[in-house]
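Each in structure tokens, the structures are laid out below.
Shared chain: chain A. Partners: chain B in the first complex, chain C in the second.
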Partner chain A sequence: MTDQNVAEEPPLAISAHVQYIQRLDKRRDEYEYWLTEHLRLNGLYWGLTALHLLGHPEAIPRADTIDFVLSCQHENGGFGAAPGHDAHMLSTVSAVQILALLDAFDDLEKRGLGKARVGEYIANLQNKSSGTFAGDEWGEQDTRFLYGAFNALSLLGLLELVDVDKAVEHITQCANFDGGYGVSPGAESHAGQIFTCLAALTIAGKQEYVNKARLGRWLSERQVAGGGLNGRPEKKEDVCYSWWVLSSLQMIGKTNYIDKDKLVGFILRCQDTETGGISDRPGDVVDVWHTLFGLTGLSLLDYPGLEPVDEVYCLPKSTVDRVLGR
Partner chain B sequence: MPPKGKAAPKPKGSEANKPSSTSTSAPPPPASTTSTPSSVPSTSPSTVSERSQQRFDESRPNEAAREKSGLSSLAPAEQVAWISSQFARSSAARARLGTKAQRELWRHVNEASLPVRAPKTKPSPGSWGKDRAGQHIGGYTPARFDDRAAKRITLTALEIASRAFKDTRERARKGLLDPLSKEPVVLAENEIDQEKNRRRQMAALRRELYGQTMGQFEQDPEWDDVVPIPQDEPEMALAAIAYPASYAEAISYLRAVMQKKEYSPRCLRLTEHIISMNPAHYTVWLYRASNIFAMKLLIPDEIEWLNEVALEHLKNYQIWHHRHLLVDNYYPSIADDADKVSQFAASERAFLAAILAHDTKNYHVWSYRSYLVGKLGTWGADELAAVEAMITDDVRNNSAWSHRFFLVFSNPAHSTPGTAATDPDPAVPRDIVDRELQYAMVKTYLAPQNQSPWNYLKGVLAKGGRRLASVEAFAAEFVAGLGEGEEVEQVRSTHALDLLAEIYAEKREKEKADLALRRLAEKWDRIRVGYWEWRRKCLDVEG
Partner chain C sequence: MADQGGSQHGIARTSRVRTEEQKQLEQEKIRKYRELEEQVRSHVSQNHYTPEVFQLTSRLLKLNPEYYTIWNARRRLLISGLLSKPSAGSSPSRASPSSSPSATTTTPSAASSSSLSTATPPRPASPTAGTSGTTAEADEAKDQESDRDVLKSELNFTIPLLLDSPKCYWIWSYRLWVLNQAIERLPTAVARRIWEEELGLASKMLSKDQRNFHAWGYRRHVVTQLESAELDGSSMAEAEFEYTDKMIRKDLSNFSAWHSRSKIIPRLLDERKADDAARRAFLDKELGLIRDALNVGPEDQSLWYYHRYLMLNLVNFVGHPTIAPAFTQEDRVTYVIREIEDIRELLEDYDDVQLIYEALFDYTLHLCQLEERQPDPEERVELAGWLKKLMVLDPMRSGRWADLERDTGLVAEVAALER
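And now, the complex of A and B:
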């Protein structure tokens, strides 16, 4: 029995969201566009994945996208966030994900510097003694980079380039007393960090190190009365946790721990059905990040009209199956 | 060229006083109008274009009529005049005449007061180009045109002076001697100020005349030696076109100095400038750190500056990574001095209190905080008091609870390094375990449905190797009349009921555990029915 009047939720405004994403790159007269240049490649991955899930992969021109991605590659194999930006793990992972989406690894071999060089760049960012990964030569360490490395390397078929066991050991040290995982040992449990740790362990085939009962409980507590999910106890609900929390539950096979209908309702209420896009909470300004994660959440919840998403790679299942030959 | 002495006399009048005696102007028509073709207007031109057109026409008397109706339609005197002017203007044509014929020619020219010089090409309104508003300059009034011309002259003069400044500076840099005084060339302070002033004026004039923007860095003589690197534009649809000018300029200078790895005060100022426009720009922070380390600037000064920026941009995480780098760099220099370390720890603690006051659960701040504790070794009473104050302020602050757990149970003085977070640690003294249990329980009363102290309680029990059942009485305080009917049953905390279910399971009291879980699923926490039902199934398995 729910408190909500389900009829209040608007249906998923597919074509509005497609148009919203298409318009993103045409805002070059907006200052904001240039201030977020250091996220450009990441933004492209978010937008493109969203379009694929919406069933409109052709909405952004494929050839242009591949050219743009390759133009971000550096001699060391890594990719920057935009042409002229230094290489970084996060944009490198986005580049690999985009190329996977577009089935363009051939272009990487022929016109780019090839998969092996990319793998090398990523592998060199591993701290050999602690097992964790830095984002770039400046050394900031974060479990996000570890997950990114595993994600990209496994898509490239090059996971053996890194010390998987040491990385797994590091992740286990990030496990906390409440069942969650933090950004580094001792740091507060956070849904985003949980996703990265769990997904990395899943890719490595080491889910046995996870106490699924405790983690599942922590994750189930993320759902608040309104149906949305938060990222930590006593924080506000946010659409992006529809991904971090839900995909984590999916990975340990416990999505029934939350009320799915209520979550669907929450996500749908976060849409801007007129101009397209999804925001963190109903009524707030939309952005492409929350648009993607709202859609991935709905996809995991089997919302009709969406392509199935892979809970580990945050790419369409069809893409991952194709690349990994499943 | 005709002999100068035989040029037609200019009539007195306003036109004659004009300084524009260039070759494009022909002498105005004489006062008598017998030779004036009908097409020449006698009104004053309102625009520069009109004026040039008039001058063109005036230099060709009879031309309009001839074009219209042919040479034969002109009066004989006019015919001769027209023919004479053709000869007068062409030395090649004149060369074919004999000397006598040429003297005849000039006699005709003088008698008819023919204009000898004439502009070769017909003026068009677009000849002068457009101004910054897109208006044809040919449409300006003569007065406005002269004003514009004067400004262009001023701009040219400024540019010449600016080049002179650069020459002087270059000669001073090379240590050359002034040829007159034989002293080394020196660039005075006031000359730099003058140049700055000059460039300001140049910028204003260029903007006014041509709509050009002269950027802040282009105007600064201090940056003259750096060639900015503009945005690299790949040739495809997703690439850049418009770019906010001042930001673009700053970034293009950043690229240039980063490429040549310059570390200097001006580069530091450049990073500050860019950070003020876009604190999320990832690379500029890293380059700033490089500058600070290369120039060995005082880290405490930088931290003071960083504090201001952090307070202005609470959601920015580069700021905290920058702080991390600064502390990594600074710590070795104070590590051996216990006083300095504790002083630094105190100032950091004070700032963290200030910033957390604005954003009590900021994840980046808290993870920096746990890094700092490990780095400075501040596991003791001061840090504990600080985190306790935050919990007192807001018992629901999960970040503070999490930090407390870390502080207490990862303290090297009484914990076993490498122990998993959920494993018992015999190195933790019993009285500390008791103390933490007590702390959690007391805080629970303030907000029984707040999850943090319940997680904390269970975490402490695990560390202390204690059974859940040891807190059964406490948990039971929050539940009454379980299963005895809607009117009687009271649950002040679903977490308490959850814990009781775990305790009953631990004690093998299966029915009581099942009842607790069933009531949670049916009534007290319906949204998590899937989870509670799974827990009930687990009871069956454990049997």
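And now, the complex of A and C:
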């Protein structure tokens, strides 16, 4: 970091962020709390991963968390966002990630419906002819769901339940001339979708399909003058792209293509240092989603005091190493 | 996961201190919301598929369009009640979802056969059993008319919600589901008219936010459907190409429109049965368009991405469709040299714009690649000069310039400039 930047930006407010995340489930007097119940399991994953990276994994009680996760499971193996919410790929992936974080796959076997049932739910969402994945029985298809499926199934050791080659073929159809990937064939390159496609290819061991030179260039061009990263050409910067862009650069070994110190400065300036949390841009309202992706960004940037994050799974490296036995 | 629902974007941080009165109002709001939510959930879990419950879902979704479970409940309500039962001829797998949604909710297919028979069928016109041919036909026509009205009303319901939450995945996905019901249940001509109106919605959403990728994706999907045999369609490449033209002329910086253009071009030329001369003229026109744009906006990444796309058509032409496949090696070289010369001229007005140096560097290497040779000594000096300029103008990406310096073997030349 240059001296000039150090003077401008606050250091990482670790304890404020921990308290902010702890408070999230105590805000039942706020209308917003009830409006976001459809994101409860996702939110728990975002908050818990953030706490692990901050070095405070115990800040949310482990047993209660596992109980809550298991209470969201449906007979078909999938998980809903909260009890009473329909099963969906997004909440199912969050459930698997939380259980991985807490080393609680045993609880899933003993008290839940077991890994195999979860794997079956996810595998049934694959379209056997196109290789794509739907989010749920109603059929919305998106490379986000494909990545989610690969993420969760590989953590469960059940990737063989799906047609990996077909899915990989679908991803290659989403590639664009600029080296990036879109949400479906024909769609514009988008940093979030690049993360999902690249991470899925990485899990499948098929990075050879990636045009790394062009993709590295496109990703590096996402950094704007203020140090933040945007998600598409000529768009505003946003903290969440600190994760989508940077993790992608990490996967292809090119994080040196951007100015890391400037990005650290941008993320730190997005903190609410008093009441905790990180926002999309400096001075905006914070939320747990941007808090996580600010922290994962800082972790990839080797910011002191943070646990290393895995660029493919968006979980602590130690968790992924333990689960995958590497 | 890459789900942005519920996250805060671009809302200014303000003091969260609320007055007693505000707190009370909020509690009241929460109470009413939870009461409504509880009502809907209790009805749905007991398979009460009635028009009253349907109205309740409308109220709840207006308060919270992100509530995907309620959109699902609404689908089930439609399938099990408001919409006609699929006719014998139609494929049941298309009309109903394939797997059980949850432990507590009955699937629509199971529901229609057993447990739901006790629920009130809210459909205005239910088919009578054992009718003769003509009555059956009349019934089917009636069913279709009623289905059309129900589906149109659903489409209308989502419009204000989409205008309020243009990036809500669940609304877009529900709308597409309704449109698919139209294909399955209505005569092709009627379904087609409904789908045609969607182009207007896509345009409206894109006029409010010209980069909304949901709306661009939706537009692409609608066009694909309108082109399909299912809707008696034919290619819309010309019209969609014109649409990108319109969007680009409105704002040159709209990369979504340039991107869309790049995707339509190969098909457009095929469909025009463009011969070599027509293809050459087309490429000339595109290069002219982007050059004019670059003359006024050389700092705009969107323009350079499109320029790169056109250049890749010249140099990277094996194994995929390009604008001018019949170009000779000589043609390609002539075109690349002409572009390099034109871009060089830009430097006269803009000598500190990084993207210009990057293009010169890039395209000079393209030229060497085309001619299957290494840069000559004169080119090496120029390349080193441009690279040096990039390092000075854009220190943020110094790692990339270092890689380029190493990969092109220009370390000595760049070092010489530093002395």
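Some points to look at:
The rule we apply is simple: the second predicted complex is superposed on the first by the 320 of 326 C-alpha atoms of A that agree within 3 Å, B and C clash if a C-alpha of one lies under 4 Å from a C-alpha of the other, contacts with A are read in each partner's own complex, and residues count from 1 in each chain.
The rule is short, and it goes like this: a residue touches a chain if its C-beta (ideal position, glycine included) is under 8 Å from a C-beta of that chain, and two chains touch if they have at least 3 such contacts.
Given the structure is predicted, the values throughout are model-derived calculations rather than measurements.
In the model built by aligning both structures on chain A, chain B clashes with chain C. Looking at the shared chain after the overlay, A:Thr172 reaches chain B, while chain C stays out of its contact range. Contact with chain B, but none with chain C, is seen for A:Asn211 once the two complexes are overlaid on the shared chain. Touch criterion met: A:His74 reaches chain C, while chain B stays clear of it. Legend: residue contacts after superposition of the two complexes on their common chain; A:Asn124 is shown touching chain C, with no touch to chain B. By the touch criterion defined above, A:Arg144 reaches chain C but does not reach chain B.
The larger set of touched chain A residues comes from C, when the choice is between chain B and chain C.
In the superposition on chain A, A:Glu311 contacts neither chain B nor chain C. Shared-chain residue A:Asp238: touches chain C; no touch with chain B.
When the two complexes are superposed on chain A, the residues of chain A that touch both chain B and chain C are 29, 31, 34-36, 38, 81, 84-86, 88, 138, 140, 176-178, 183-184, 186-190, 216-217, 220-221, 223, 227, 232-235, 254, 256-259, 262. Contacts from chain B toward chain A in the complex involve residues 231-234, 236-244, 247-248, 255, 277-278, 280-283, 286, 289, 321, 324-325, 361, 363, 366-367, 370-371, 374, 396-399, 402-403, 405-406, 409-410, 420-422, 450-452, 455-456, 458-459, 462-463, 526-531, 533-534, 538.
Residues 1, 25, 28-29, 31, 34-36, 38, 44, 61, 64-65, 67-68, 71, 81, 83-86, 88, 138, 140, 172, 175-179, 182-184, 186-190, 211, 213-214, 216-218, 220-221, 223, 225, 227, 232-235, 254, 256-259, 262 of chain A are the ones touching chain B in the complex. Every residue of chain A that touches chain C in the complex is listed here, in rising order: 29-31, 34-39, 42-43, 45, 74-76, 80-81, 84-88, 90, 93-94, 124, 135-140, 142, 144, 147-148, 176-178, 183-184, 186-190, 192-193, 195-196, 216-217, 220-221, 223, 227, 232-235, 238, 240, 244, 254-259, 262, 272, 275, 279-281, 283-287, 289-290.
Every residue of chain C that touches chain A in the complex is listed here, in rising order: 1-14, 16, 23, 26-27, 29-30, 33-34, 37, 41, 45, 63-64, 66-69, 72, 75, 97-105, 169, 173, 176-177, 211, 213, 216-217, 220, 253, 255-256, 259-260, 262-263, 300-302, 305, 308-309, 312, 395-400, 402-403.
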